[in-house]
Structure formats: structure tokens, C-alpha cells
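Consider the two complexes below, in which subunit A is the common component and subunit B and subunit C are the respective partners.
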Partner chain A sequence: MQTKALPRKRRIKSNWAWALLFVAPSIIGLIVLNIVPFGESIGLSLTDKQTGAVGVSNYVRLFTSDKYFWQSNVNTFLFTVLTVPVGVFLALVLAVLLNRKLRGRSIYRAIFFLPLVCAPSAIAMVWRWGVFNSKTGALNQLLSLVGIQGPAWISDPHVIMFTIAIVAVWASVGYDIVLLLAGLQNISKTYYEAALIDGAGPWQRFRYITVPLISPTLFFVLIMRTMNAIRQFDLSFMFSQDTDLTFRSAQTLLYQFYRETFMKLNANYGSAIVVWTVVIVLIFTAVQFLLEKKWVHYDQ
Partner chain B sequence: MRKTFPALLLVFLMIFSTVALFPGCAAPVAEPAETQAPAAAPEPAQTTAPAETPAAAPTPEGLSGEITFAFWDANQQDGMQALVDAFTAKNPGVKISLSVTPWNQYWQVLGAAAEGGMPDVFWMHSNNFVDFAKKDLLMDCTGLYDKSMFPEGISQVFQWEGKQLGVPKDFDTIALVYNKDLFDAAGVKYPDDTWNWDSLVDAAKKLTKGDVYGFGANAGEDQSGYLLPIYQAGGYTVKFGEKKSGYTDPKSIEGMQFWVDLQKKYKVSPTQEQFSEMTQHDYFKSGKLAMTFLGSWEIKGYIDAMKTLGQRFDVAVMPMGPTGIRATIYNGLTYAGYKGTKQPEIVKSFLTFLGTKEAAEIMGKSGAAIPAYQDTQDSWYNNFPEVNVKVYADMISYGVQYPFSKTKAEWGTEEKSMVAEMYNEKSPDVAAEMAKIAQVVEGYLAQE
Partner chain C sequence: MEPAGIVRPSHTAQTAGKPMRALRPPRGGRERNTLAHLVLILCSITMLFPFLWMLLSSFKTFGESVKVPPVVFPSEIPGKVLSGEEKFSYLFTNYQFLLQKITYFWKLYGNTFLLIAGRIVCAVVTSSMAGYAFAMLEFPFKRLLFAIVLLQLMLPSQIFLVPQFKMVLSLKWNNTVLGLIFPGLVSAFGIFFMRQFYRSLPKELAEAAYLDGCNQWQIFTRIMLPLTKTPLMALSIFTAIFAWSDLMWPLIVNSDSQMGTLSSALSKIQLMNTVFRTPHYMAAALLAMLPMIVLYILFQRQFIEGVAQTGIKS
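Entry: the complex of A and B
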């Protein structure tokens, strides 16, 4: 490399050239596969399918006369509230437990991570037939051993969201554990040693050392989990069809998008739902960033 | 400045692609409507998308090149392969690759492919025909096959502006299937052509005991479900070309009421809650259901399943309605060609072959589906000697075309969901619910 011989300006330009070259594949992919299609979606949503006219007719219909839309919002919100706090807290507790020198620690980690490498449809089939089936499923059979009559996990509209939430937490906790574990490993042991000398108990150590020091990772995990929860589709799709009685209670925003776009073949209307979903995600994320300053500690 | 420029570029790109979709996209062929998956949406499971056709120049004598052939029923793959083999035996220069996409994703994949990567030959269904015809995606097949050799009704369905936009493939009807062993155990006489709704309910009541049900009346089935009693009562749902629907006709309501009553009043059917865990097919195939309505395309699967179960079953004609009306729903698929194919000669030649008697018999022999070509149906029957499948074709004289229109995809989906929703009530007000359905469906019909 002749960088030493080049004058400073040309060196900077040549560095930039290399930087752009390496980043180009990602940027091109991002633009072609994400930015442009999303722009097109916005355009689609502003076009009426039947008349081709440009306007907000799809949005008007969505907010005023769609009989499923408000329920989809409620279902998505309910799902988010059920899975994010529980999922993240569970992942944090498990990560802390797995951070100690346990025997077979790697095996436990692998087991928790396993759901992430399974196909969602395979997961759904096993849970639907093997676990949640109200007569032959493992869960209700276990409960009946203790004398409890288990609910109809799959066919009761009041229960279906909980069922889906259980599977969702199970499926995603491994990913969060891995992230949180990495964050935990970065916490210097000296903090804990100092705390032990001062006589701090495990809960106090957790609250005053672990949580603040892992807050950046926790923040990231919370944002990812919230975004994924708002975008939930595959589990509700697998657990409830649009002719099941649970459908009204199980349909999430993106399930409604799927139904409108791929079953009713109206992509214009479906795009309006997607744009709305993006707005919701933006709002939730913005709120989380606003709260960031209050509780996230960045180590200097 | 260095930071704002890339940001501005991205915003510009997004606005540009938004605007690029406006009025210019009213043009018939260039409609990218159903195609782009928006950035925020996770992909539903996509199976093999049809491959791009390489541009090979067809030679004047002896066709040569490659085309793709797409369809949705894996049960019929052997049949389709047999057709391809027969054609390529006569045209050794041609290679045809099959592409199977399950029904649930078929229309998405096809819709997305309309932008690029459309298969050359593919199955077409009445539900989506008008949509594809209006988008000018289908090749004109007028004259490629002998119309007189096929039932009139089927050619009519795939006619558009005077042109035939497909080659008829098969037809299917709906019949009554029953488990002979369960009937014998309960001492009930097998269904025959004297049966009407009352006979059905009587038999079903005697057959419903323990964890066995007499008749599977799933609210989520239209073609093999609630449409049957509606038409058997003398009612109708949608007639092609009409803006008014028939849901509020008292006879239609009577028909729908019968279907609902099977679950709610006579209690001879699993409940809609139970159907979300096990479908009527699952019940029947595990020997827990004595009767249900079944489309002819399911027969092969049922025969295999019942053989494994070790129980006998058979097929009977539809029961008559309360006023003696006989009705079944029929539908026919066609082979369609992509209008913009890079290999029009090969596609035309293949489609012509598919419309011949030879092709019909090959398909029938494979057990795939009932060929529509005159007098070839025996090739299909002979596959299933143990079961009286002739019944399916015998009923075609009183078959009603499965309702369709340009916006069928939209109102058909809503119709099914709204019917199922009725079942939330212990005693649904069928007339009121049908009125709601009429309103929604007519809203879509009005847009056509």
C-alpha cells in the first residue's frame, strides 16, 4: 500500500472509495429489496385497486368501515403486552442463571437456542397436535393428572392469544438469552466482588449491578422483541384459520395484511395495513428511545 | 453536507418509487399490483417459484426449448409428469419442468410472478380466472381444442370476450361419502338415490354415539359444504354477471339453516370449535365420522387413508332437497398459457396436446382427476374399482357451477369467514347473518 506516499486528500478519497466498495453490496441490497419496495408499497396503498385513482380511499376504508381492523390492532397490542415483558424478563433471568459455572452449561444453552433453528410451521404443528389439542394433547393430559380440566387452547377464542403467546415466547427466548449472555459476560467481575465484600445479597446484586450494566443490551432486546411482536404473523396464521371461531381473536395486523393481499388478492388495501403497521412500530420505537435516557446506562 | 446527501438520496429514491406507481400503472399489462412484498412484512412460507424461461429460439421443424408447467396438487404430480413424458416423446427437443406449489401459496406465487418469472403453462381455477383474464395474462386458446368434446358449461367459464382462454382439463363434483363399517355397526341402510335431507338427518342421528359423529358439517367449507344445501333448497348465492346476490332468498336461508342445524340443532356433527382442532377429513379418516360431503379430487387420498385404517367406505349421490331438487357443485380446471411466454410455439403445441383425447386418458389413468373430455371418464373410474366413483360424473347433469366473478377472491373469502362467524352463537339468526353477507358481497359485485 502506498498510503504513506499519497497526499492527505487523496488518501481520504481512496479510503472512502474502498469503504463504499465494501458497503455497496449491502447498500444495493437494502435499496433494491427494502427501500424501493417499501416506497412502492406506500404508492400501492395510495392507489385504489378498482379505479386506479390516487387517493386515501384505502385508508378511509381501513379506519372507518373495516370490521376486522380495530380488533387486529387490539390483538396485536395484546400479543405484544403478553410476550415482550414476559419474554424479556424470562430471558434475563435465564441468562443470569446460565452465566454461572454450571455443569453442562453449553448443553442448556443449546437447548434454549434450538427453537430458533426450527421451521415455524413445524413448531406450529407439534404444538397444535402434540401439546395443545384439548383431548389428546400433552398439556391437558398432564393437567388432568393433577385434576385440572385444561381449557381448549386452540379452539377457545378467549384463550387463543395466550396459547400463541406461549409458543412465541418459547420460540424466541433463546435468541434473547444469547444476546443477554453476551452482555452479561461484559460485566466486569470486580463489581460483583466489591458488592460481595459490602455484603450485598443476590437480589441486590442483580438490581444494582446486573440490570444497570446490562441495560444497553436489554434496551436492544426490548426494541427487537417489540418490533417482532407487532409484526407477528406466522404463529397466528398457523394456529387459526379464517373459518375458525378463534379467528377474530387471533388475527394480528400482519395476518390481516396477508388475508387481504394473498387471499382476497387486494394488494393495495393490504399495503395500507402494512404502512399503518410501520407507523405503529415507529411510534413504539420512538417512545422507547425517548425513555432510553431514563434507564439505560452506558459504561464509560 | 456529507451526511445529508446520502440521506436525501434515499428519501428521493423512496419518493420516486412511490410516484412511479401512479396513473401509469392503470395500463393493462404493466400492473405490478399484487407483486411486491412490503419491507416490514415477514415472508409467508414461499415454496418453489416457477423458474425463468431461458430464451431459446424455436426451430422451424421440430420444436426445441424449455418451458415450465406449474400447478398446485401434489397428488396429481404423477399424472402431470405422465402428460409431459408423452408430449416430450413426440417432441424430443422440448424440456418441460414441473413446479408444484401448494394451493395456499399458489395464487400468491403466480401473482408475484406476473411481474417476471411467470410459468409458461399453468393450472387455472374459476376463482381467479376473471382476475387473470382482465390483466391480459392468458393466452388465447380458441381453436386449440375441439369444443364439442367437452361439457358446454366448462368452456363457458373460461370464455372471455369471445375467446377461450384455456384448455379444459377436468371437472369435479361433490358427492356424499359414508363409512360402511359404521353404518353396518349401527344397523343403518346405506344412502341411495331416494335419500333427502330427512333421510340424512335420521341416519346421522342413529350413527352419532360415543365419540362418533353422523355427519361432518364444517362451516368453513363452501364448495363441499354449505353451498350444497343452499342449491338443493332451490336457492343460490351469486349468478355470474348479476349485481344482486341470492343470500337473502328464503330458499337460500333455508339451505344455510339446514347446514347450521346439523351442528346446532340435530347435533350430529362435530362443533366448529372441534373442527379447528380436527377437520372433517381427519374425523372420517380416523373412523370417527360416518358421512360427509366430499369433492372428487379428495377420493384418492381417502381411499389410501381408509385402506390404512382398515375400514370400508363408499360414495353415494347427493340427497335431494326438501322440494325434491337435486344439486351438486361442479367446477373445472383448465390448462392456461402465459400470454407473454418466450416460447409461444411450444406452449401452443403443448396446450393442443393437453386438449386431446389421448391426454385426457393419460390424466384419467393416473387417477389425478376426472378428465373433462367426452367418454374418457372411465380411465379415471378404473383406478378405483372398490369405490362407486362413477357417481361423481353421473351427477353432472344437475351440477351447478361453483359461483365465481371478477372479485370472487374477495367476496368468496369474506363469505366463508362470515358464515363461520355465525357459529359463535348458540342459535344463530341465519336470516340476519345472510343479509349481512349479501351486503358485503354485493359491495364487491358493484365494483365490477
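Entry: the complex of A and C
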């Protein structure tokens, strides 16, 4: 023991230097790229572009005189409500189906995951011009075969957000399936065997075994999906330009941030929007963590 | 098949009489597998349809692409090739038209590749080192420094965007590959992810090497790093997918079309609807997707397992 005590003390000292050397690139990078910018963004949002005065003028303008801003909030909220529950539910159902001993399940899984390796802008392009376009799109052409006049998926302001939501769910369901499937495979088979002995039916097994034991993964997927939905930009950007009639119904918070900052070149006003978006994301996340105790079980 | 709705929680006599039940596989019979296949096949068709339609449409004439009832298989362009009226290369006429108008399309592949490669290298190097230190070593302010990592992880990345863009401008890195890589020089997610992995390794490994006279750098590079091939692969795939799909940053930082990524260039190509028609768009989307889809088909297992790992660990 005594022979070991001496080098240990010396080691700790020399470890300090090594450890700091190891973390230095990352920490310096994080401070320069993230921590300082975080403060700077908040500072920008609290500065008026015209007068340079410090205050809440950008926020006042946002909340009192910007009609687009409220519309962006509504649009973002609608997108979140349309995509998160449906997407996560679909993913759970498909993951449960894939968790059986099925022939070709790795092929199914690979197919569902395919959109994840395609850039959203490429996906949006295919859906916008190939599938949903009212003239050249496959969907309305197919619907017309059975005598249905499909809606103007791309150009109707009332429909556009539903269109975007369909694409979003299609594009992300594979990711959720992969995560949930990994969670499902961790559930010990003995639970199901015990339940079968007790005569539990398929629904009961799903409700009382699968759901509680998958709940930590489900919770993670829900949080991630909600955060991503609130920050949606790509699909709205690809499906609607400011010259389109649908623009007002398609613009999300971050789309407006992008336009104010980089097209209208008012970084101060744009920063106020992005700070607001972050606040919303954090509120939603906090609420979900509060509800977590009610349904998430970590006892396995 | 199952006595659904009849729950007999503690009737030992009931179950004792049927020992075979426990031996049966816990999940469903043949009929329910058929139903599962049916649902999964329907969903698979929905997943694959846009891709197939894109492929087919990229070989259609504009006339064919707008026809009602729809034309499923292109016939005009292949027809001309088959009848000998046009050369074989005419088959790709939509692609040729696109590449004639967007002469820099090939450059986009290079930009995208360099962006992905650069971000992977940065994430792997910095995250490995920091993850190792946070998991295995003791040093002052460890908790505070790790809080910085967590803070970055918690905050949506868009809040860093404007100041990061200003930095790139002042460094004159806009419209360069360095500018594209810039926000990914370090990866808080990578640090966190690698730390989780290093925590699962036994500390005795490092101690033994230390007693053998290795210094920390040697312990890290010779003993620890080789053990992390799997998580580093997962981190690389995660970083690649993320960089590949990013749209806003390349749009902002490389406004010069030639210096964009495939992702950002497509959003600009889409606006040229006086030049391009649906078949051209389909060709553009297909060309942009192709390299990653090929990689995905080759390394399908690594892709999916990598994503599953990054998801669970975080």
C-alpha cells in the first residue's frame, strides 16, 4: 500500500496538466463559438438597430405591431401539434411490429430509415414538385384516377402546413423507429412470458409491459421531436417563398428569424425572435420534464 | 387466439395445467405476422414511393410529367434512344440540361464532402480528448467546465448563429469551406457522447498502464483510443448526417452559389422555375441524394446502429 501512495499523489498533479490540455481545445472552442455568442445574441436582441439604444424595443415591436410574428407562432404551434403526436405514435406502432420475429425486418427498418440520409431540401424538392404539385404531382394525378379532385397541396394557404407536416412525419419516422426499437429490444422477454402465463392479452401486454418499460426512450423521442418541431425551418423554407400566397401560413418562427436577420438585415430584431424561440423550446421541455414523473418509469 | 380480456392474475392451478404455454414464443402467431407484414409493406411503399417517382420522373419529358392520367414509366425519351433516333446519352437529357445550367454542380459535391470530412475530424479529435478527460481524470473546475458542455447541449443552436456568422465575416471565411465547417469545430454532443462511453471503461486499464510507465498521452492514444472505434464510428455518422442535412448555415455563410453545399444549392435551384421543369428538379434531387444513399446501402448496419447508439446515450 505504501509504495502505491506516493506515485498516486504525484500522478494527480501531473494529471491536472494533462487533463486541462485534453479539454482545452473543446472548452476554448465552446466558449468562443457558443458561450460568448449566446450572450451576444441576447445583447443584440436588447439593442435597437436604428438608435443603438439599449432596451426592449425589439420585443415591444414583436409583441405589439408585428402581425407576422403572431402568425409565425401559430404556424409553429400547428406544425408541432400536427407532427409530434402522430409521428411518435406511428413510430411506436411500427417499432412494436418490427420487434417481432419477422422475416425481412432489417429490410423494413432500412427502408424506414432511408429519408434520414437524404438532405431535407432534396426531400422537399421531390415532394413539392414530384408528389404534391397540383399539376405535375403524382398524388393528385393518382387521385384523379379514382375521380377525386385533390386539394392544392402547395398553393392553398389552408392546406400548406398539413402538407409540410406529412413530409416531416414521413422524413423523421424512421429515426424514431430506430430509437424505439433499440429500447424495445432491451425489454427482457421474461416479462412477456410471465404475462402470458397470467393470461394477459396483446393489448394488456402492450399497455402494462411495453409502454412502461419503453417510457424512458419514448420520453426522449418526444422531447427531441418537440424541440425539433418548434425549430422547424428547412421544410417551410423549401415549400413556400415570400412571393407565394401560402407564405403567411407556412412561415415558422425560425423562418421569420432567417428573413429578418439575413434578408431584411436586421440582426437585432432577428435575435429577439430567436431568443423568443429558445424561451418557447425551454418552456416546452420544462413542462415535459414536469410531466415526466407521471408516466416515465426508470426502474429497469 | 389469446384469451384477451380474461386476466387470471394468481390462479396457479390454471397455469400449472398448461406448461406448454410458457414455452411458446411470447409474441403472436402466424396470422398476426401476416397482418404485421401487411402494415409494414404498406408503410414501406409509402416510404419508397417518392424515391421511385423521382427516379422515373427524372427520365420523363415535361409533357409526360404533367399528363393526366399519370404516365408511370417514361417512354418518350427512352423510345427515341431505342429507335436509334438519338444516341444513348440522350437518355440522360434532363440531367445534362441541369448540369449545363448549373455548371458548378460538381463543385457542390466537393464542398459538401469537405464540410462533412472537416466536421468529422474536428468532432472526433476534440471530443475524444475532452470526453476522456471528463470521464477518467480529475482536474480543477471539472464540474464548471462540464456545465459549459451541458449548456451548449441544452440550447438550440440557432441562438449562436448571428454572432458565429459575424465571426466568420470578420475572419473573411465566408464563401470558403472553413466557413462551412466553422460551427462544428467543436461538438458538445460529441464530448458528452464520448464521456459516456469512457465512463463505461474500467479505470484500472489506465492505472495499469500508468504503473508501466506510460504518461497520460500514451495511455490515451495507445490504450484508450483504440477501444473507442465503435462510438467514434457512431459519432462520425451522426456528425455526417447532421452536416449533410444542415440548410440554414450554408445558406447564410456561403451565399456564393458555387461555394454552397448540395443541400443549400437545391434550395436555390428550386427557385429557378422559369428554367427548370419537374423532371429537371427530380434529376437534381436524385443527383444530390445519390452519394449518401450509396454510402447508406453499403454501410446500412453502421448507419442505423450508430444512430441508435447516439440516441440512447444522450
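The criterion applied here is as follows: the second predicted complex is superposed on the first by the 269 of 300 C-alpha atoms of A that agree within 3 Å, B and C clash if a C-alpha of one lies under 4 Å from a C-alpha of the other, contacts with A are read in each partner's own complex, and residues count from 1 in each chain.
In this text, a residue touches a chain if its C-beta (ideal position, glycine included) is under 8 Å from a C-beta of that chain, and two chains touch if they have at least 3 such contacts.
Since this is a predicted model, take the numbers as computed values, not measurements.
J.: Subunit A superposed: clash or fit between subunit B and subunit C?
T.: After superposition on subunit A, which the two structures share, subunit B runs into subunit C.
J.: Looking at the overlay, what does A:242 touch: subunit B (first), subunit C (second), both, or neither?
T.: After superposing on A, A:242 lies in contact with subunit B but is clear of subunit C.
J.: Figure out whether A:254 sits in contact with subunit B (first) or subunit C (second), or with both, or with neither.
T.: Both subunit B and subunit C are touched by A:254.
J.: With both complexes overlaid on chain A, does A:233 touch subunit B (first), subunit C (second), both or neither?
T.: both
J.: With the two structures laid over each other on chain A, which partner does A:187 touch: subunit B (first), subunit C (second), both, or neither?
T.: In the superposition, A:187 touches no partner, neither subunit B nor subunit C.
J.: Just subunit B (first), just subunit C (second), both, or neither: which does A:211 touch?
T.: A:211 sits against neither subunit B nor subunit C.
J.: Touch check for A:74: first (subunit B), second (subunit C), both, or neither?
T.: A:74 sits against neither subunit B nor subunit C.
J.: Check whether subunit B or subunit C contacts more residues of subunit A in the superposed model.
T.: C
J.: Thinking of the overlay built on chain A, is A:41 touched by subunit B (first), by subunit C (second), by both, or by neither?
T.: Both partners, subunit B and subunit C.
J.: Under the stated touch criterion, which partner chain does A:262 make contact with: subunit B (first), subunit C (second), both, or neither?
T.: In the superposition, A:262 contacts both subunit B and subunit C.
J.: In the superposed arrangement, which partner chain does A:109 touch: subunit B (first), subunit C (second), both, or neither?
T.: In the superposition, A:109 touches subunit C alone.
J.: For subunit B, sort through 22-30, 58-66, 76-84 or 112-120 and name the stretch that clashes with subunit C after the overlay.
T.: 112-120
J.: Following superposition on chain A, which residues of subunit A contact subunit B and also contact subunit C?
T.: 31, 33-38, 40-41, 44, 119-121, 128, 133, 231, 233-234, 237, 241, 254, 257-258, 261-262, 267, 271, 274-275, 277-278, 281
J.: In the complex formed with subunit A, which residues of subunit C make contact?
T.: 2-9, 14-15, 21-22, 24-28, 32-33, 36-37, 39-40, 43-44, 46-51, 53-54, 57, 65-70, 125-127, 129-130, 132-134, 137-140, 142, 145, 148-149, 151-152, 154-156, 158-164, 167, 182-183, 185-186, 188, 191, 210-211, 215-217, 220, 241, 244-245, 247-248, 251-252, 262-264, 266-267, 270-271, 277-278, 281-282, 284-285, 288-289, 292-293, 295-296, 300, 303-304, 307-308, 311-312, 314
J.: Residue numbers of subunit B touching subunit A in their complex, please.
T.: Where subunit B meets subunit A, its residues are 10, 13-23, 25-26, 32-42, 44-45, 105, 107-108, 111, 128, 131, 218-220, 272-277, 409-410, 413-414, 416-417, 419-421, 423-424, 447.
J.: Could you list, by residue number, the parts of subunit A that touch subunit B in their complex?
T.: 31, 33-44, 46-47, 49-50, 52, 54, 119-121, 128, 133-134, 152, 154-157, 231, 233-234, 237, 240-248, 254, 257-259, 261-268, 271, 274-275, 277-278, 281
J.: Please output the residues of subunit A touching subunit C within their complex, sorted ascending.
T.: 7, 11-12, 14-16, 18-20, 22-23, 25-27, 29-38, 40-41, 44, 93-94, 97-103, 108-123, 125-131, 133, 135-136, 138, 141-142, 144-145, 170, 174-175, 178-179, 181-183, 189, 192-193, 195-204, 217, 220, 227, 231, 233-234, 237-238, 241, 254, 257-258, 261-262, 267, 270-271, 274-275, 277-278, 281-282
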